């Protein structure tokens, strides 16, 4: 259980759902251990948050455990969407913990946000990857089937076709060098998806497709704080177990930061 | 390139084919790095083999590199079968380096052996796993679509249905405690498939589904030596990069042992 | 949750209790991650066991989670004893997962066995270690406050005073070279405690005080099988996270082996 | 021996004392290997320092080895205080190398500074942790029994009670975002304690309670340089062996930076 | 093969040469695995580069494999120089992948640049190290036998004699704090040598002599981009396998960045 | 310091000399950390040995620290021979801790034994390797310049020329399968050299050239026990830091076993 996620399901304002999908990772696999790692490294944190003057355990977070993953991604996403939809119908905010980025597709389909905001090194605007239309690198594309707009913050990698797609009106890319001067502001409800590889590999080596030239942990945190008030759902994805905890401890911190900032703005 | 695999493709008596499939691993992923690891740890070996008085580089081994893997296992196996079939048609012995055990299905379909012999901790006699009929745990079952008989040597794990299936006439199970007194002898041509998890996790920690109570490296080697003369194809599978080289160095050694013993008996 | 430990607490025949104590380890710490690791590496196993023709999930095992550990060992053992006592009063067999070996003291006090059997590289017969009477190296000594007799199987290390103590009538030492020819037989009810360091470091590198010259995984398994029928409690201790899973996968296997053998003899 | 710490004890201006205490770490243990790791990774450095135009080996540093740690923290701190007091009485500057942060309590008691300055992610102002009044998270509190004032620089984590305590007049907190614009200046003699977790986990993953959002190695270095002239004692704590050397190499660098800056200002 | 390095040797505009020399590393060895690691972690990258609107595979890069290294550094450098000279004579740009920094001596001798620019934590201006005139710490010194001038960017470590040598007119040192405001500009043709230890150990822990206080991945990338147009050769050195991929992924990224920026300026 | 090596140099019956040479390793480097690792993992052992009824600290072992290694192997061996010669002249038994196997050449030259006994996976009978006559793979050959006879126990690897050389009268090879039935007996004084790679990689993964099919820890121990009484010098070599301690803990154990058995026979 995520430390401090002590609320009952029925009373929960936030519901953690582990989604250890690990099928389409193109380079380094291991996201199936992401939910375990995030929960484990969350043990290092205080319950109390100074900035918001709140305790995590007082904010009504429930940990619903993991939705066991299997090889058929399409079926899995359907099932997972059901689980997230239940959370939404209970007026709780889903906190998805991946697993590969593909799990966000289930989250977005359940939440039906106006805006999809990803912190990600990659545009994830592919139509398919190696013939697979449900690869982690297609997430933003799928999100745009549901949402009106997408922002990809910290992006620095994509195919030529993806960058072309990104030039259309419904996509906004905020490259790492622009992040410092960017002030988030959105039209409508936001789904915030944090691919931990938005961070530089120094801050998150344990991820499937590390990409140097990324954000610091403090830049990531500021983004989460600033975006959380507009968001009605959150996920942290692409954490694996191939480092000494850096990716997991950052992922766990950002999940908590989301909850504190979101609750604080309510 | 595998050290010593210096023969040209057209002159080769043995052809190494890397098959880094890593889709259906149920516990610890990483077999996509198997061919790399096996080649890397093979650098530790002498070219010369004392027992057979032969040099590896003199035995006509060619390394054809890897067949790049993607998510669609059925398609991949078809493609890989084609590659192995080419080897067979050139009268060379295929040496497949996985990748998950599923790649043996392609090997068996290309080679069409009379007998499928697996060194494996697991029966791999499932019909499907989590709905996937091409999981690594179905390999022996698929092999029996082609071969008349199957032997699973070192087996100590399986579902109830698998053990039931194993009781039929076309399957012989040699459990670890029986290996010492077992003398291999087969009717017809053999496909020898070495799932590195037949070894105890002490000897091969870096594998997807480690199973204690397994074989020692010397028992594995003896089996490969004894079976090689009857075999017309070989694979070593389920090596990943999650240890300090134990699984890879054992896998590399067994591949070489196969070649020496096979060539020696020719 | 331990895979397959799906029974409800009230119906359980066996109850897993995690006891992540990690205070007195003299060399390499990390046993606090033992219960997590054992549960994680248990995911690699089939539910079904061929030898006993039983499924783990059908044997009534409940996982009660961990008893959170803190620095005051004496207090912790009291609290843990309470938890184990509840299990005993419910006529269930406790399966303690450490944590350092010291947690067995709580188990023994709750179970009050006639005989304490430890698989251990160390005699653990000290009166204190560095002034600490509740060090992991005092466990057998404490067990003898409750039990009539103690067996230490696989033992190869101890202080002069410990070996002297071991010569008394109530202690039987079975050294590694004698294990092969030893047939367990006891007077009364047995508490079986498996310190994973009884195994050779090849089979269990991730432990606090590794000691070469130990048992193989198959020897350990045979001992657990042979002793289980006489036992009314079991623990597996001293697994840490400082290896590539060898210690944890062995520990998980032995726990399951205990349950299968115990249930089979019932 | 710390490289370059070649002075004899009697002639030493600085005395390194290893204090491998590792009892109360609440998340990841391993600080017992801190002194070893710091000494090992110090081998990577040049003897000469360009900024101060000095050689480390010329500054009179003696390495007194480690004070072997045991479980009774209160007793250990008494003993360690004696060792540090001897250093102080010899007019040498103690350089304590932990071990968990608790060892600073011994240092402070021996040195009796006016001001306690900690670089730390955590306030360490607890009165006790899990009932333990000598936990690493109580260090600043204990320091204030001796010192008049405390500064916690880089702090970003604490319980509600700790942040409340931090609002009192004798505690100054410099949060990470304020560090850049902060100019150290103190009333009286300073004890400088560097908890390596003040750094972001990217720069020091190998520590007991990593906390994202921390300082860079260059910010840490600047702080040590600026504070050293006012200091009469130094420690570096909470380095463990659970990373690829990042924490140890940073810890070793900061210790050396302290000596160069301190000697330069003398 | 480096991903995307698909050009034939005769058509190549850039030629990758692996140089796994690993003899003189003074602290942590393992650079012999540098070329393997760089190639492996380059698999994580897109072929397409957004900034330059180019595809790596379209830029004419050939991977010539590794020049097998042995113990006699002088002989090896001669042989390696020959290989690089062939590249130069074919009007291609050599991209050397070390191996220890010493391999740059071969590169410089082959290329005969006007200016040697190293990104490096160390001056590498020694005349010898432990009696060895071909140590990695002598590279800049050797380069100055051929080149008119040397720049060492990111330098923060050197012996007293090295810093003295650095004060001469033909050497320019740009310390880490000055890098942000430094605009590269050179007289003549440049050989750009990237010792990955110029980066802070957070960004590149897997290197022989890590030195805290270094550059970020983004600062490194900016330098490579800015210097590439003036350069006619490139190397990336001192990457080893002792981390979780951070050093290798950064090294691979910088090599690619060099090619994109160089091609873009042509 | 090796735990229990508390004797003064002048009173010592045994003198530990660390020799962290790490130049010629052909596959995986890191033996420079061998002495550190062996000393560290020796902390896990009891002072007392039950079999011989002796305490290690009572046997007069002195730890002389390390002889700092550099790149010039010939010079280094000369220097090291001097150090070992001093030990011999003081009538103490040298216990060399490598470092690569090459350091045994210095030991043998100092001790001038009648018989050189190596436990080793490799014959080490080369005349040179890659042009280097002082490679680790030439040790037995060099030993035969001094000794009359050589035994290589556990050998399973060598070049054709080495196996040919091994057939001469002055070399006896005991292959792994023969070890069980072999009773050591020698003419004259023995130098016992333990290359940790004689063990199977399961028991010692952390070594430069692992070779499957090796000895167990218990077989190694029995050999050391049986040979020690005839020996006047001992070394343990080829331990590196690339595993989870298995090689180091085995090396440390065998060194102690040698001392106990040697002292016991005196």
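Order of writing sets the chain letters: A, B, C, D, E and F. Residues in each chain are counted from 1.
Heads up, the rule we're going with is that a residue touches a chain if its C-beta (ideal position, glycine included) is under 8 Å from a C-beta of that chain, and two chains touch if they have at least 3 such contacts.
This one's a predicted model, so the numbers in the text were calculated from it and none came from an experiment.
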item	value
Starting at chain B, fewest touch steps before arriving at chain F	1
Angle (degrees, nearest 5) of the CA superposition of chain B onto chain C	120
Repeat of the C-F interface, chosen from E-F, B-F or A-B (over half of contact pairs identical by residue number)	B-F
Interface residue identity across copies chain A, chain B - same or different by half	same
Farthest-lying chain, centroid of Cα atoms versus that of chain A	F
Most remote chain, CA-based centroid, reference being chain D	B
Chain A and chain D, separation of their C-alpha mean positions in angstrom	36
Chain A-chain C separation of Cα centroids, rounded to whole Å	40
Residues of chain C touching at least two other chains	200, 202-203, 243-244
Chain A residues within the chain B interface of the complex	22-25, 29-30, 32, 70-72, 75, 130-132, 135
Of chain B, residues touching chain C in the complex	26-28, 122, 156-160, 163, 176-177, 200-203, 205-206, 209-214, 242-244
Sites on chain B touched by chain F in the complex	41, 43-48, 50, 53, 55, 200, 202-203, 216-218, 221, 243-246, 249-250, 253-254
